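What follows is a set of structures for review.
Common to both upcoming complexes is subunit A, partnered first by subunit B, then by subunit C.
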Partner chain A sequence: MKGIELIKKAFALQNVERVPWVPFVGCHGGHLINVTASEFLKSSDLIFKGVSKAVEIYKPDGIPVLFDLQVEAEALGCRLVWSDDNPPAVVSHVLLEGKTLSDLSVPSSTDGRIGIAIDAAKKLRKEFPDIALYGLITGPYTLALHLLGTDIFMKMLEAPEEILALLDFTKEVGKAMAGYYIDAGCDIIAVVDPMTSQIDPDSFEMFVHEPAKEIFDFIRAKGKLSSFFVCGHAQQNIEAMCATHPDNISIDENIPLDFVRDIALKNEISFGGNLKLTVVLLMGTPEDARREAMECLDLGGKIGFVLAPGCDLPKDTPPENIKAITELVNDEYLQQVERAKEKSETEIALLNMKDYGRVNKVIVDIITLDSESCAPCQYMVEAVKRVAPHFEGIVVWREHAIKKMEAVTFMNSLLVKNIPTICIDGKIAFVSKIPPQNELIAAIQQRINEKFKLIISSRRAEVLILGKNDAECKEAREAVELAMKETGKHISLKTSTDSAMKATFGVVNTPAIILTEHKIKARGEVPSVDIIKEWLKDI
Partner chain B sequence: MEEILSKIAHCVEFGKVNKAAPYPPDMKGLDGADELTREALDSGVKADVILKQALVEGMDRVGKKFSEKKIFIPQMLMSAKAMNAAIEHLKPYFKSGEVQRKGKFIIATVQGDLHDIGKNLVKMSIEGAGWEVIDLGVDVKVEKLLAAIEENPGAKIGLSALLTTTMGNMKDAVAAIKSKYPNNEVLIGGAPVNDDFRKQIGADYYAPDPQGVVAHLNK
Partner chain C sequence: MSKVPVYLITGFLGSGKTTLIKRLIDNNTGTSRMAVVQNEFAPSNFDGQELKRQTTKHFDLLEINNGSVFCVCLLSGFIQSFSKFIHEVNPEVVFLEASGLSDPISIGEVFNSKELQESVFLAGSVCVVDASGFLKFEKFQQRMVHQVQIANQVIINKIDLVDNCEQVLQKIHQINPQSKKYTSNYCEINMEELLAITNPMNTSQPAYNISAEDIGRPDIKSAVFKTTKAIKEENVNRFLQAIMPQMIRLKGYILLDSGRSLAVQIVNNRLQSDHIDKSIRQTEIIAMGISMSVSDIKTAYLQNI
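Moving on to the complex of A and B:
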C-alpha cells in the first residue's frame, strides 16, 4: 500500500496492516548529504536532495518538506542566528524593536525563505507522488512568542487583549502558510506549536483555541489533513488540543504515549510520536532504537497511530538508528523477536559463561525465535543439522528458542543481540545470515583444531612399571622406552617394586604397566560445579 | 505585623505587582507587593523579616505549585515580577548589610546556546528563595564563567543547555570549573540533560525544574 494511503487510513482511525512511519527529517537531511544546517535550510535544491536521500534510506510513509520553525518569524523581520548543527535561533523580536502589530502584514509565498520551502515542496511532490508530504507551519502561539519574545507570558495576564490581537495575526499567517504548502502539493499540514507546552489549559483555551481551530478548519475546507505537533511537557493541554479539532496530534517523549492515545482516540483523533530523540535516536545504538520503536508500536497499536520521532531529528542522528526503525516497521517477524526480548530484558540473571565450551565436544548453540514458526530460524537450524553428521560424536548442537525464558537468559549470557545466531562453544559465529555449508564446517573444524591443540598442550602422562626387579620387568621397561622413542613422546617413566603400590592398583601378576593421564582442566580459577560435572562425564 | 507579611506573601504567590496591576482579576484595585512592602518597612518591620517571612514564603508556594503543574510559566513570571517589586524596596538593606542573603549563585546558559527562558525561571526562583544571583546571560564562554567564580569565591554555579549540540559545551564548562574550583558546587538543568548526563560530566546536582534547585539549595 502507498504511504499516503496508509497514513490516510491511520488518520481515519481504520485498522492498518502495518503502522505508518514518518521520520521527522529536518536539518538531519543536511547530515545525510554532508552539508551544514545553515546551508541546507537555505537552499531548495539541498532540501530536495537531503529529503530525497531520507526517502531512499528510511522508506517513510510520510515526511516533512522542511522542519524549521523560524521561517515565518524571519519573513516577518526577526533576526536569526545560524548554526552548523541546529536550525537557526530567533534572537530579535520584531515587536520589541519599535514595530507594532499594525506594521506587520502576512508574508507572501516568496518572502524570506518561504519561497525556498514551497519550491522544495513542489519538487518533492513531483518526485514522490506516493508518500504523504507534510508541510510544517509555525503554530500561532510559538510564532507570537517569536514576534514578541517572552514578554508574551506576562502580557497574557496583564494585557490579554493585546495578545488576542497578536494571535489573531499569527493565525492569519498560519492560514496563509498552510495555503502555500497545500498549493505546492502537500497532503498534510502540521501546525507545530511547541511553546504551548509552557501554558496552562485555561490560557490555552483563551488564546490558542480559536486561532488553532480556525487553521484546522481552513485546512479541512481545502480537502487536506492536519496534525497538531507539540513538544515538551504539554500533558495538561492534550484535551484542549483535541478540542481544536485537528486530524492528528503528535507529541514527544515528555508525554506518555498511552496517555495521549487514550485521550486522542476518545476524541476520535489519530495520534503520533514519540520516539525518544536524544537518549535513544541520537545517542543510542540501532539496538536501542529498535527496542524503543517496538515499545511505541505496541503502545500505539494499529488504529490511529503514526510512528514518528518526538520532534525534529537532531542533525547528527546516526542514520543506522533510523534505518533500524524502518526495518522493524516493515518486518513483522523482527517485531516478534523484539517483543520476545523485551519481555525479560529487565530481570535477567546472567549465567556465568566463562567456562562454557570447555568440555571435549564442540557445542553449537542456535539462538532462534522458534524454528517452527520463523523461516530464517528454520534455515539456520537446518544448516546445522546438515553439517552435524560430518562430526558425529564430536559436535553437539542445541536450539534455544527465545520464546522460552531460559533461552532468553542463555542468549543474554552469550551477549547475543540478533536472531537467529549460531554460537560455537559459546562464541558468536554467525549472526542473522545463514552460513553456507562449507563455512559452517570450516568454523566447526577450526574450533575442533583449537580444542585439540589445547588438549595436547594440557596433557601430561606417566608410565609406571610394577615388577620385581627381574628380567621381565627390565624387558617391559625397554619396550616402553622404545615405544616412547618411536612415537616421540616424552613421558616420565617410573619403576616400582613396592608391594603396597601393587596392592593399590590391585595388581597380582607382574610386570604390570600403568599409564596415568593428567589433563589440566582449569588454571588459576575455581570452575563452577556444573562445569566440573561436564568434565566428569568425559571419564 | 503578621497580617501584612501574609498579605505580601499572598501578592507574591498570586502575582499581584502593585495597585495599578490588572492581574489577578480578583485583586483589582487592591494594594500589591510594591505598596505593601513599603508600608511594612515604614511601620518598622525589619527588611530581613519581610524577605524571609513574606517573599521567600510566597515564592516557595509558587515553586511548589509550578512543580505540581498547578501553575505555568505566565503565572510564575507574574509572581517573580511581584517579588521584584518588593525587592526594590529592600535593596538599600542588602547594601548596608542589614539583610544577609543566603549566598551567591552564578547562572548562565552555556556557550553556543541562546535559550534563556528556563535559565530565567531558575534565576527568579533562586532569588525568591533568598539568594543573590549573578546572571551571566546566554552563550557564555568558559573564561567568563571562571572570571565570575574568581570574583565571587564560594558561589554556587548553575548551567543551562537546551540543545543536544551544546551539551558538549556544558561538559567542557563543568570540567574547566571543576579543575580550577573543585569545591564550588555546579548544578545543571535544561531539556536534553538528566541525572545520568550529570554523572557523566561530573557536575554535582541535576534538577528537572526550578523548585528542584531551590529545594536542593535549602538543604
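Moving on to the complex of A and C:
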C-alpha cells in the first residue's frame, strides 16, 4: 500500500496492516548530503536533495518538506542567528524593536525563505507522488513568542487583549502558510507549536484554542489533513489540543505515548510520536533504536497511530539508527524477535560460555525465532543441515528457537543480538545473512583446524598394560613400544600384574591394554552445569 | 582528568539566576577554575559579559547561542559545544544556567551521553524563584513548576517585594517537599550552607573547595532515568534498596500504579519518600553515584514493577 494511503487510513482510525512511519527529517537532510544546516535550510535544491536521500534510505510513508520554525518569524522581520548543526535561532523580536502589530502584514508566498520551502515542496511532490508530504507551519503561539519575546508571559496577565490580537494575526499567518503548502501539493499540514507546552490548559483555552481551531478548520475546508505537533511537557494540554479538532496529535518523549493514545482515541483523533530523540536516536545504537521503536509500536497499536520521532531529528543522527527503525516497521518478524528479546530483558542469569565448544566435535548453533514460522530462520537452518553431512559426524548442529526462554538465555550468553545467527563453537559466525554453502564449509573447516591444533597441543595420555605375569606384560609392552616408535609418539607406559587393578577396570582376559587420555577442561573455576553436560555428551 | 561537577541553575525569566551565579563565584575561596555556561540569548542587560564585569574573580564563560532551548531537538549541539569547552578550559566546577523556558529534565538527560559521562557529572540543581511573581505565574507557567520539582534547593528570591512569602513557601513545599528552601533578596543567602548541600560527597566543605581527588573520582556518574511504567507502592523500597549501594544521592518522582506520584530522595544512605498531591504522570529520577549507569537503575526498576 502506498505510504499516503496508509497514513490516511491511520488518520481515519482504521485498522492498518502496518503502522505508518514518518521520520521528521529536518536539517538531518543536510547531514545526509554533507552540507551544513544553514546551507541546507537556505536552498530549495539542497532541501530537495536531502529529503530525497532520506526517502531513499528511510523508506518513509510520509516526510516533512522543511522543519524550521523560524521561517515565518524571519519573513516578518525577526533576526536569526545561523548555526551549522541546528536550525537557526530567533534573536530579535520585531515587536520589541519599535514595530507594532499594525506594521506587520501576512507574508506572501515569496517573502523570506517561504519561497524556498514552497519550491522544495513542489519538487518533492512531483518526485514522490505516493508518500504523504507534510507542510510544517509555525504554530500561532510559538510565532507570537518569536514576535514579542518572553514579554508574552507577562502580557498574558497584564494585557490579555494585546496577546489575543497578536494571536489573531499569527493565526492569519498560519492560514496563509497552510494555503501555500497545500497549493504546492502537500497532503498534511502540521501546526508545530512547541511553546504551548509552557502554559496551562486555561491559558491554552483562552489564547490558543480559537486560532488553532480556525487553522485546522481552514485545512479541512481545503480537503487536506492536519496534525498538531507539540514538544516538551505538554501533558496538561492534550485534551485542550484535541478540542481544536486537528486530525492528528504528535508528541515527543516528554509525554507518555499511552497517555496521549487514550485521550486522542477517546476524542476520535489519531496520534503520533514519540521516539526519543537525543538519548536513543542521536546517542544510541541501532539496537537501542529498534528497542525504542518496538516499545512505541506496541504502545501505539494499529489504530490511529503514526510512528515518528518526538521532533526534528538532530542533524547528526546516525542514519543506521533510523534505518534500523525502517527495517523494524516493515518486518513483522523482526518485531517478534524484538518482543522476545524485550521479555528477556529483566536480567536472566547468563551461562558462562568461556569453555563452550571445547568438545571434540564442532558445534554449530543456529539461534532462530522459530524455523517453522520464520522464513529466514528456515533457510539458515537448511543451509546448516545441507553442509553438516560433508563433515561426516564431526559437526553437530542445533537450533535454538528463542520462543523458548532457555534459548533466550543461551542467546544472551553467547552475546547474540540479531536473529537468525549462526554460531560455530560458541562464536558468532553469520549474522542475519544466510551464508553460501562454500562460506559455511570454510568457516567450519577453519574451526576444525583450530581445534585440531588444540587437541594436539593439549594431549596427555598414559598406557597401562595389565597381565597375569611379567612375561605376558612384556609381550604386550614390546608391541606398544614398537607402535610408539613407528608412529613417533611418546607416551608414558606402565605395567601391572595386580589383580585388584584388573578388577578396577573389569578386565577378565589378559593381557589388556588400557589407554587413558587426560584433558584439562577447566582451570581455576567451576564451570556451569550446562557446560559440563556438553563435555559429558562426548564421552 | 577527574570529573567535573556541574550545578544546574534553573529559574523562570528574571528570577535572579545570574545574580546567584555571581554570588557563587564571588564567594568561592577554593578554586580559581570556575566556569559558567549560559544557554540563552539574554535580552536582559545582565548576561554573561556583564557578569564578567561585575565580579573580580576569574571564570571561563561558554555561551550557547542557540536561542531558548525549545525542546530536546536542540540539545545535540549543546553536547558538542559543552564537551569541547570542558576539555579546553578544564574547570573544577561548572555552573550551568538554564534558559528560563527550558526543560530541566531534558538538560539532565544530556548528561547521560557517553561524550559527557567521561568528563562531567550532574551534581545538583538549584532553582531560583521570584517571590513576587511565583504565585501569579505558577498557575499558567508549567515549566516553572517543573523546574521547582527537580531542584535540590529552592531559593525564594526578591522577598522584599512581597508582604509575606509564607504562601510561596507553602506552594513550593507542595510541589517539592524534599527540597531545601531559602528566602532571600538578591540571592543573598549563606553560600556555605548552600554549597555544603550542593556538595556531592556531602562533607561540610563547600563543593568546589574539595580537592579533585575527593569528588573527581573517576567513576562518579550522574544519570537521569525516565519511564512511563508505574511501580507498585510496596515495591518502591525494594527498588531503591537495590540501587542504594551505588548512590551518592538520588532525587526524583516515582509513578505508582495507583496513579499517584511519590517524591523520593536518597541522601547519605538515608531514604526519604513523600506522597505529593499532583501526579507527575511518569517516573523521573536524577541520580549521582559511583560506577552506576542509567541501565542499572532501569534494570532494578523493571525488576520491581
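Note that the second predicted complex is superposed on the first by the 459 of 539 C-alpha atoms of A that agree within 3 Å, B and C clash if a C-alpha of one lies under 4 Å from a C-alpha of the other, contacts with A are read in each partner's own complex, and residues count from 1 in each chain.
In this text, a residue touches a chain if its C-beta (ideal position, glycine included) is under 8 Å from a C-beta of that chain, and two chains touch if they have at least 3 such contacts.
Computed from a predicted structure; not experimentally measured.
Undergrad: Let's test your reading of the overlay: on subunit A, do subunit B and subunit C clash or fit side by side?
TA: Aligned on subunit A, subunit C clashes with subunit B.
Undergrad: Applying the touch criterion given at the start, work out whether A:A89 contacts subunit B, subunit C, both or neither, answering first, second, both or neither.
TA: The answer is both, since A:A89 touches subunit B and subunit C.
Undergrad: Identify the partner contact of A:G310: answer first if only subunit B is touched, second if only subunit C is, both if each is, neither if none is.
TA: second
Undergrad: Looking at the overlay, what does A:I199 touch: subunit B (first), subunit C (second), both, or neither?
TA: Both partners, subunit B and subunit C.
Undergrad: Answer with first, second, both or neither: which of subunit B and subunit C does A:F259 touch in the superposed model?
TA: After superposing on A, A:F259 lies in contact with subunit C but is clear of subunit B.
Undergrad: One more residue to check, A:P420. First (subunit B), second (subunit C), both or neither?
TA: After superposition on chain A, A:P420 lies in contact with neither partner.
Undergrad: Which chain, subunit B or subunit C, is in touch with more residues of subunit A?
TA: Comparing subunit B with subunit C, the partner touching more subunit A residues is C.
Undergrad: Which of these subunit B stretches, 6-14, 24-32 or 42-50, gets into subunit C when the structures are overlaid?
TA: 6-14
Undergrad: With the touch criterion stated at the top, can you tell me which subunit A residues are shared between the subunit B interface and the subunit C interface?
TA: On subunit A, the residues that contact subunit B in one structure and subunit C in the other are 81, 83, 85-86, 89, 91, 150, 153, 156-157, 198-200, 203, 232-233, 235-236, 277-279, 282, 314-316.
Undergrad: Would you pull the subunit A residues touching subunit B in the complex into a rising list?
TA: Touching subunit B: residues 81, 83, 85-86, 89, 91, 150, 153-154, 156-159, 198-200, 203, 232-233, 235-236, 277-279, 282, 314-316 of subunit A.
Undergrad: Could you please specify the touching residues of subunit A with respect to subunit C in the complex?
TA: So the residues of subunit A touching subunit C come out as 69, 81, 83, 85-87, 89-91, 93, 96, 142, 149-150, 153, 156-157, 194-195, 197-200, 202-203, 231-236, 252-254, 256-259, 276-279, 282-283, 310-316, 345-347.
Undergrad: Spell out the residues on subunit C that touch subunit A in their complex, using ranges where they run on.
TA: Touching subunit A: residues 13, 41, 43, 65-68, 70-77, 80, 100-101, 103, 105-106, 109-110, 112-115, 136-137, 139-143, 146, 226, 228, 281-282, 299, 302-303 of subunit C.
Undergrad: Where on subunit B is subunit A touching in the complex?
TA: Interface residues on subunit B, with respect to subunit A: 15, 21-24, 69, 71-75, 77-78, 81, 112, 114-117, 120, 163-165, 191-192, 194.
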